[in-house]
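Order as written gives the chain letters A, B, C and D; numbering starts at 1 within each chain.
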Amino acid sequence: MSLLADLLSPLFDRRYASAETRDNRPMRDLAHDLLTSRGEVSGMALARQILDRYASMEDENKRTFLEYLGRELDLDPDAVQVALETYRGDPSRRNYVTLMSASEPPRQELFRRLNQVPGATGKLVAMRADLIRFADGDPALARVESDLKHLFKSWFNRGFLVLRPMNWESPAHILEKITRYEAVHAIHSWEDLRRRLQPEDRRCFGFFHPVMPDEPLIFVQVALTKGIPGSIQGLLAEERENLPVGEADTAVFYSISNCQAGLAGISFGNSLIKQVVEDLSRDLPQLKTFVTLSPIPGLMAWMRSVGLESHMSNPETLGPLAGHYLLNAKDKSGRPLDPVARFHLNNGALVHAIHAKGDLSPNGIAQSGGAMVNYLYDLKRISRNHEDFANNKKVVAAKDVQNLARTPLPETQDSPADAGT
Amino acid sequence: MSLLADLLSPLFDRRYASAETRDNRPMRDLAHDLLTSRGEVSGMALARQILDRYASMEDENKRTFLEYLGRELDLDPDAVQVALETYRGDPSRRNYVTLMSASEPPRQELFRRLNQVPGATGKLVAMRADLIRFADGDPALARVESDLKHLFKSWFNRGFLVLRPMNWESPAHILEKITRYEAVHAIHSWEDLRRRLQPEDRRCFGFFHPVMPDEPLIFVQVALTKGIPGSIQGLLAEERENLPVGEADTAVFYSISNCQAGLAGISFGNSLIKQVVEDLSRDLPQLKTFVTLSPIPGLMAWMRSVGLESHMSNPETLGPLAGHYLLNAKDKSGRPLDPVARFHLNNGALVHAIHAKGDLSPNGIAQSGGAMVNYLYDLKRISRNHEDFANNKKVVAAKDVQNLARTPLPETQDSPADAGT
Amino acid sequence: MSLLADLLSPLFDRRYASAETRDNRPMRDLAHDLLTSRGEVSGMALARQILDRYASMEDENKRTFLEYLGRELDLDPDAVQVALETYRGDPSRRNYVTLMSASEPPRQELFRRLNQVPGATGKLVAMRADLIRFADGDPALARVESDLKHLFKSWFNRGFLVLRPMNWESPAHILEKITRYEAVHAIHSWEDLRRRLQPEDRRCFGFFHPVMPDEPLIFVQVALTKGIPGSIQGLLAEERENLPVGEADTAVFYSISNCQAGLAGISFGNSLIKQVVEDLSRDLPQLKTFVTLSPIPGLMAWMRSVGLESHMSNPETLGPLAGHYLLNAKDKSGRPLDPVARFHLNNGALVHAIHAKGDLSPNGIAQSGGAMVNYLYDLKRISRNHEDFANNKKVVAAKDVQNLARTPLPETQDSPADAGT
Amino acid sequence: MSLLADLLSPLFDRRYASAETRDNRPMRDLAHDLLTSRGEVSGMALARQILDRYASMEDENKRTFLEYLGRELDLDPDAVQVALETYRGDPSRRNYVTLMSASEPPRQELFRRLNQVPGATGKLVAMRADLIRFADGDPALARVESDLKHLFKSWFNRGFLVLRPMNWESPAHILEKITRYEAVHAIHSWEDLRRRLQPEDRRCFGFFHPVMPDEPLIFVQVALTKGIPGSIQGLLAEERENLPVGEADTAVFYSISNCQAGLAGISFGNSLIKQVVEDLSRDLPQLKTFVTLSPIPGLMAWMRSVGLESHMSNPETLGPLAGHYLLNAKDKSGRPLDPVARFHLNNGALVHAIHAKGDLSPNGIAQSGGAMVNYLYDLKRISRNHEDFANNKKVVAAKDVQNLARTPLPETQDSPADAGT
């Protein structure tokens, strides 16, 4: 990472330490200037001031600035209407450009002009994280947030992302972020981190953007194993023996974490998993199976909702109930209730196996009674699975899981809730 | 460059040499698939096929595909109208997103999905170059071209560009492109190129985009000199002696060339010059003056248009006429007729000096009777100059040039044409 | 580092994982083969086997192999004698080469041939560490050890070393080694390490050799301060506030650690300090003073040896006694008793100031009663100081320290020992 | 290369531009100082002055300095004698070190101290090139030359060399050197160079030393072909079609060039070929055959020497004569007369095929009547071949070549010369 940073940073460095005089006018004046012709030439100084001042503000002042973006740099529907009518009359290039321009609120150009200074992209991502916090119930802020999302879909397009392995030779400040961002199975110390990164049967890969070289966008942790594991505690045991890579036949994706709150809703996981599967297949042809070891975060909540609390700590019935939940419990749109299941099924994976005692940590017990699940990525079937799921909402599962899910549900204490079944 | 390429290419390499089976269906079927849910999972293979097949097509087939984009993946004005009305009724986030989505033709999403494969960005840039060739008189193609321009303004935002020096230690395949793209003073051989790049009093800088690491977007050639030069032949003389860098007080921008036809209309020159001025100022604090040695490409054409042909080879009157042309000859919008003048004045430079015998090459004689001009970049005055120019169309010039321009025009053979005066 | 490793490792990688068949003959047979013509062509496989087998041996077997080197691949004095006489008769190139060759034991060629495999240099350094452990009292092993020292003086010549800064962006596996090798003020945790490396007023630099890119040879830790500090606890306090670099006027070398036992006796410290002084001077011209904050490791031992134990915990008399010890206590050759003093004085530094309460850690109290000393590196005087010291054994010291050292010694309990006074 | 240079050059840069005052004393005074204690501390300035002044000297002054090294910093045989006797009496470490030290002339320590400045290694290599020019008939200079050779065997040990591919993406200043150093089949222009480097069925690899990153030590050019070629003109034809790499089964080493006159006698070719064979085998497993297409530089000279001039332009008899020459014509020590044959046979290759019309260039006709030869590197047999050759002087050849060589020699015009037969 830091090499990439080095290479790109000729642009980015202390270059401008050269004292630009601070411009104390209100933020909106600076933003206004940046959008005028002055911004074309002196834009770098203006952009830096706006972003730096914003970054150091309290929430209240941030909100004021964001509301300015939401209300004063908003879309002008009248202008859209006029441009649309002109365009209907003559769909010339000129009229098309006018319409496109009218259809874009002026703050989009502001964002693009802000982005000329080093580090700006990261600061705009942080701005969207603020907007997500603030936007609730305020449509103007929500529109600004939506504009940034649209922009980021373009800027963080798959073609611009760089996949980087992370290991014990990676820069400490990046590894620190792995620890901080790990969202599934917490990393408690540098020693804990080392156990995830240093052994040759452990891998970690992340997506980075060239202008945010020190910030992973998403990363996945992989264990190379012999056979498909069913217990996260077994997989991460301190005293376990490392497996010589040559003996591994399976790659287990046991944790995948998004890192940037400001990039919420921009999906990297699908691409990341596929890229890592391709890379590992090429580098380690002995790997035949690509599988997850995943939590079932909604299982206990669902059991409560259908009156099955009493079965929550019964390993006998947990397997069948988990199968039932994953295959049959659906939301209103007909898709699985469980968010992790939705993610992997939509990627084209299938439900491969259920492990009643997969995660006996307090958190694992709390959310799923300890059950975990393997989703299998079978490259030959991914595309068909995905389409079946996307078009027909079909949940593909292995025979054993189908059988589990067919086990009759135990009687519930209350009337059987039909929520989500 | 090639290091950057190396770093980024983990993504990009022979990775997919793995035989994807060729899909022989019509291009529009592939494009359609890429836009549906199938595209979310199998998009990489589809995108590669579309881009590779497009690249190998004859113009006629290319045009067919581009017309498909222009007509079948076009904006739907009815949908915009409906969404606009809904939004006017309730400007909620959801309605806003619907409107934004309706205001964007579906080909934009196609472009974003195409961009997931290595090399795609360069291929889309080439596609726009085709569109520019084809679009004339065909509004549908012109709209597609305009969409790509809009997209590229976002993707090639200043914040994503990397400034790289180029010199005799740069990769041969990059240097070859410098030779090919040089648009102002042609480079005739590797020896010629070496004279521009190897001496320590010569510099060259270009902007690159991380995903097109072997393709300069724009580059500028700089000579470090003692005093401001007035002759390009003197500057590039084979037998000249190199100046020890410590003795240089002036940096002369003597050539600036855009490289990518498909990025026409996306301005990099202003940023490039300013960046290079900043970098050189920091690295070589002995440099006090930043100036161009520029052609006056429209001078002879203007003299013909105003009936002054007879003065074209008279060095006595050429200076005053050039001054007059640069300061007083305006287009309908009131801006200078000369495109190079417009560029530098809009960047905030001023007209510093005119040299009647600046470029005695056949081309120099043909376009300007041999005259050249220095535009001066005075960092302290750039912002004010630019605003004067942008807002008031004021052309800032040194005293001497103002005096030159005040010299009475010689009588013309015909009646004095007022075109552009 | 790991970039350097990457670049160099095209040579070094899993390349030879390709199964070389294990050769189970005795080590001496392999070594013999490597020295014959077979070694010229199949040397790589032989070298790898020898080094790998050696590395995995118990001490007893290692010693057997090293004794073989010491006794059977030893210098042949008769051959030297014959060659010397021939050379005296006719000092031709041929006779010179014969003499040079006879004067070198055959194990030297063995070492050079062993060094052709990736990682060999590091393994030979480890072999010398073994020899240092074993050699005591065994002249044959001592001669082998001395041969390696001679070889390493050539291989680790200053011109081949690379100075690299280390900071919080350095690879974790390198940082780990910093923690392990720190010999002066122990680093207790990653948080402790971070405090030494991450703040902008802290720097760390090490020498590396290109073929051992993951192994620092020596490193120095530097604090940037305002004024010269007198307390290591103050310098390293957890709660201290970072100093903005622009306000620093002093660079304090507060810890310098050699890392490789097998490179004992090959001096890197002098070059390292000078290089870092030059680099910091250039990058941070505001730095005016380069100084150490050093322990006085021999002070308490000396006080005991001269019967001054009773003054060991008296801060009043500790300063003068430390001054006396540093300036006047000499070994038989007339150089200072204190090894740290010898090192810095020989580098051309001078004794600048003494701090009675400089290091109140248990270790600091134990070795010097808590006293520390600043050695000043004054670039203008280094050369003269060094020569005065090297040629005349003169210890240069600041006025205040000279005065301290002139304070009459307190009476000793016993008769005044003259050891080292 | 230039990346490597970048990484290493933090050490090496303009760092010392800082004006060191020029020391105008005689070179020998500077050298003397560098060897004394002053050299330990101020060595860098002294070393730079000596090397810079030497580099700018005329031959006469260079020779004076080299004679100083040869005569005044020479080995002292008396000191060796004394040390040898002491050592015989007691082979202690101390006495051993004294003997080793006496056996090394003081100029060796001078060379090591000179090597502390950036670029020194390259300058010392150039100094040996001077010595090779000057040494003829002057034993003192010859001894200095031999000392540098000994030193370079240590410094340019295989373990310190870096193999780098060179291609059309390599830095121009490196490619320029390829053109200049190519010793076998001259490269006439950049276009010619491009034909050797750019096509995917052409490769080039060189060894570099980390401190001379811009200077190849040796390089080899490789063509990937289908079958074994017999004509260099065919191989290098301008109009030839590139072979898709996937179809290649053979790698042809058609040119190998040493680059540094000052490294004469230090063998890199054997290691280079083996390394490239290993790398290509791994990266392109479809390659089954590794073979040279080599000149027979001594053929015509030999034919003249044995009175066979009249057959020099007869393609019928050229093949058998070439076979006879390669297999049977020996020097006094019993090894093949032909130097290229000696090189490849000593590497363990075998004589595979002879092509009477292999090189029809003027040079090819002049030295071998147009004949060329393939030497085959069969990894499984290399070691045995080499030993047969090294120990028994056996020339291994394919059946066909053996048969050719058995063809009776035509009658010579004179009596059959026995020179070399």
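The rule is short, and it goes like this: a residue touches a chain if its C-beta (ideal position, glycine included) is under 8 Å from a C-beta of that chain, and two chains touch if they have at least 3 such contacts.
Computed from a predicted model, the values in this text were never measured in an experiment.
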item: For subunit A and subunit C, chains touching each; value: none
item: Touching subunit B and also subunit D, the following chains; value: none
item: Superposing rotation of subunit B relative to subunit C, computed on C-alpha atoms, to nearest 5°; value: 180
item: Chain located farthest away, centre of subunit A as origin (C-alpha); value: D
item: Averaged-CA centre spacing for the pair subunit D and subunit A, given as whole angstrom; value: 56
item: Centre-to-centre distance between subunit D and subunit C (centres being mean Cα positions), rounded to whole Å; value: 36
item: Numbers and ranges of subunit D residues touching at least 2 other chains; value: 3
item: Interchain contacts (touch definition) - all pairs; value: A-B, A-C, B-D, C-D
item: Subunit D - residues contacting subunit C, complex; value: 3-4, 7-8, 10-11, 15-16, 18, 37-38, 40-42, 44, 75, 77, 80-81, 84, 87-88, 91-93, 96-97, 99-100, 103-104, 112, 115-118, 120-121, 135, 139-140, 142-143, 145-147, 150-151, 153-155, 157-164, 210-211, 270-271, 274-275, 278-279, 282, 346-348, 382-383, 386-387, 390-391
item: Subunit C residues within the subunit A interface of the complex; value: 2-3, 5, 168-173, 175, 190, 194, 198, 214
